[in-house]
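Structures incoming, each one as structure tokens.
Okay, so chain A shows up in both of these, paired with chain B first and chain C after.
Moving on, here comes the complex of A and B:
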């Protein structure tokens, strides 16, 4: 157990350090995040102002907070594509992964948590400052909610990763999966509540979203971190996330095992 | 230069057919202690709109503990596919493979702790990170106790001359440095079986020599079993005491390197420079006339060392023309392997 923790700890550190290598890309990411934060906050706040006082419980300040917490999460929670596994299956580099005495989904997950941690510190944290100064943000109700909020970010990173991992596993059966990844990304970002809050969805669409892991990616951490959910409500949201991590994790293990039997690495 | 490609069939000539047969006996004796044992191992790749391809076709062989085996064949002969089945990366279509006594597919993780594999064209290192960190992570993955890991990494760094590169990101290493790093990474956990797939591909002479010396020393000290695929016959000559030749997914030869040359009758070539243009030297006993240049001033004759000697051929040539100079080309082992491929299927066995 201790040996495992050390292994995955080092893999997470590698993910963290690997990301830290590319400083220019990080700086560019901060600029992009800020600019889009300003655009999103302005549009969403304008929409609420235009509609009257509140929309589904969101006033202007709550809207601004929603937009900026979204920007905080965006670098860490990789809602958009990750295709490393599919690429490695296609090129055959996956062979190197299978030569290690660890399950690939766990080693990649550890590395992605490290990457997410770095992105949160370097790309996410500045958004809190900029968002607070530009149009204001709200924060967790108390220390418990702060902790739940941070745990919720880590779980969101894991769910985003495992979801992409499962989609990548299709590459064991089909060579070209870029189209599938794109479609997945669009559905995931919509249901995650990245464009508008899931709470704004009509009932039937909200029910549909709730049946997927996607709201756990963005909407859940935002709800906890912005103080929209607190106490037992926040704990319940985190419990749902834990359920998704376990479910998707088991799915990843089974799919990897099945995919390995299908793998066709020809040549080299 | 130890990397020379030519080798002398005369040196390994005597009764090499039986050397291969003796191998068979040794295998059956040592079967319980076989590190690798495959039986009718087959892997078929389905090809859309084409006939299926049996990359490995009913292959049977075994490798005993401590052996060093060269696994050679043309591109696409099925070498890498075999290795991937031996290491649990690819599932066999039929037949069985056992590596270190384990079923590689079922026991992949356990097996990964006991074998070290280098695929020359794929990296197991972390591209963006300093080399030293890759070693740290791999040591942890293999659950090496930190103190033992430090000792082992220290050894490998020294033996493979990797000290100056430890702080460099892997992506900035030269090919030679990277290959040595890959070998170090694969040997970190002191595996009982090392499988190297084209480990010297693209390396310069010096890097090759250094890598080979290291492998020889490792085997001497640890008694490690080695399976090596390569296009470089210098690798085989220096490192291996047994050769398996695979062709179209089937085993075409199993025996010693010199036995291989003897079996296919590798020929030496005598090149003679004569004092004046001369008619083609047909009909010299036990030779085959290969060609002439400069209107017959330089002529080439191939002969089998088993049938005649260079001196006898020279004497016969001297009866027909006046010699000014001569040279002898020794058979190239790649040429020997090529002959195996052109032989009828299943025609040559050790």
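Moving on, here comes the complex of A and C:
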């Protein structure tokens, strides 16, 4: 068990260092995210101004905070695109993953958490500074909420990864899954609340979104980190995230096992 | 370079081969087409959600916002179809593909622009065209010389502006390489800003997206003319008639950036 944890720790560190090599890419990411943050904050604040005072409990400051927290999370929570597993199934490299002593979903998850941690430090943290200076941000009320907020980011990274992993698993049965991945990314982006808060959705669309894990990716961490949700409300949101991690994690384990059998039948 | 007619024939042959290459993989092409259509619909949903909560955004009502959305999407998707692959230049450089272009007796930029036609963007274009029609009908737009003329100007020169952004960014890529994401500020950032009323932005941002990256010229300013809206500070309807000048400006910068980039390039060492 101890050795296992060490393995995952090393994998997470490797994921962290893999991204740290590309310094110019990181600098470019910060500039680009800042510009998009300015555009997004302008739109959301403009919408609140157009509505009069508040929209779904958000005033202009809350909206600015929403846009910038979204930019903070964007680098870590990979809402959009991951096809490594599907590529490895197609090329056959997946066979090497199955030879390793750790299941592929856990080793990839560990690496992805490492990647997410680095992105939060080098891509996310600067957005907090820029967002606060530019149009203002709000923060958790107390230490408990801060901890819940950070936990919720980690859970969001895990949910984003496991969701993509499950979609990638379709590649065990269908070789060409690019279309499915694209559609998944589009729905995830919309329902995560990345561009417009899920709380703004009309009732029918919000009900639809709530039936998916996507609001847990962006909306939930923002709600907690911006202080929109606090105390028991915040705890409940984290509990929902834990539920999704467990559900998707079990799904990933079962699907991987089934996919592996399928691969052996094919003689891959 | 061979004579002018000869190079045109060569480009036509290249483009035909690119179109045929996509037609060959029908399922894959249909998938991509569907994906861009779906992405267009998702973005439209976001506009709908915003106006579900507020009657106005940046001085525009829902109909005006739909027209801005349609023009911005149409011009960007058309430019993306024609030259969007230019922002894959770093990949071309890494794979040594660009060095191959140097060996052929055609212009480098011409080859890069014709190296691909992303017909899948037709999905997004079709969403934009339908939204455009809906916005024009909802807005009760009369087909006068001014409205038709402005619509034609917006679509042609708007597409030219967006295309120039891709070319300018391709020029920058010779320096950026790993920093390629920076280029998104001008292309995708410009397209995103173009979808909004200029009045939502604070002055420096508005000036940037009007006079430096002339995104406002592709959709917002033409919309003011077509729907007869007043606009606001540094965004008056009469400015829209300067669209060709804005396109000339950004193409001038684009060709300059490309020319300097090409001279800067030392080869991939392949």
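Everything below uses one rule, namely that the second predicted complex is superposed on the first by the 263 of 268 C-alpha atoms of A that agree within 3 Å, B and C clash if a C-alpha of one lies under 4 Å from a C-alpha of the other, contacts with A are read in each partner's own complex, and residues count from 1 in each chain.
The rule is simple: a residue touches a chain if its C-beta (ideal position, glycine included) is under 8 Å from a C-beta of that chain, and two chains touch if they have at least 3 such contacts.
Every value quoted in this text rests on a predicted model; they were computed, and no experiment measured them.
Undergrad: Specify the outcome, clash or fit, for chain B and chain C once both structures are aligned onto chain A.
TA: They fit: once the shared chain is superposed, the two partners occupy separate space.
Undergrad: Can A:6 be said to touch chain B (first), chain C (second), both, or neither?
TA: Only chain B is touched by A:6; chain C is not.
Undergrad: Using the touch definition from the top, say if A:25 reaches chain B (first), chain C (second), both or neither.
TA: After superposition on chain A, A:25 lies in contact with chain C alone.
Undergrad: Between chain B (first) and chain C (second), which, if any, makes contact with A:47: first, second, both or neither?
TA: So A:47 only meets chain C here.
Undergrad: For A:146, is the partner it touches chain B (first), chain C (second), both, or none of the two (neither)?
TA: Neither partner.
Undergrad: Going by the contact rule set out at the top, does A:80 touch chain B (first), chain C (second), both, or neither?
TA: After superposing on A, A:80 lies clear of both chain B and chain C.
Undergrad: Given the touch rule stated above, what does A:92 touch, chain B (first), chain C (second), both, or neither?
TA: A:92 contacts chain B only, not chain C.
Undergrad: Quick check on the superposed pair: does A:101 touch chain B, chain C, both, or neither? Answer first, second, both or neither.
TA: first
Undergrad: After the two structures are laid over each other on chain A, how near do the C-alpha atoms of chain B and chain C get, in Å?
TA: The answer for the closest chain B-chain C C-alpha pair is 14 Å.
Undergrad: Need the overlap of the two footprints on chain A, from chain B and from chain C, as residue ranges.
TA: 22
Undergrad: What does chain A use to touch chain C in their complex?
TA: 22, 24-25, 27-29, 31-32, 35-36, 38-39, 42-43, 45-48, 50-51, 55-56, 176, 178-179, 182-183, 186-187, 189-190, 195-196, 200-202, 205
Undergrad: Taking the touch rule as given, give the residues of chain B at its contact with chain A in the complex, in rising order.
TA: 45-46, 55, 75-76, 80-81, 84, 87-91, 105, 108-110, 112-113, 117, 119, 121-124, 126, 128-129, 133, 136-138, 140-143, 169
Undergrad: Within the complex, which stretch of chain C touches chain A?
TA: So the residues of chain C in touch with chain A come to 27-28, 31-32, 34-35, 38-39, 42, 45-46, 49-50, 52-58, 176-182, 184-185, 189, 192-193, 196-197, 199-202, 205.
Undergrad: Once bound in the complex, which stretches of chain A touch chain B?
TA: Residues 3, 6-7, 10-11, 14, 17-18, 21-22, 92-96, 98-103, 107, 260-261, 263-268.
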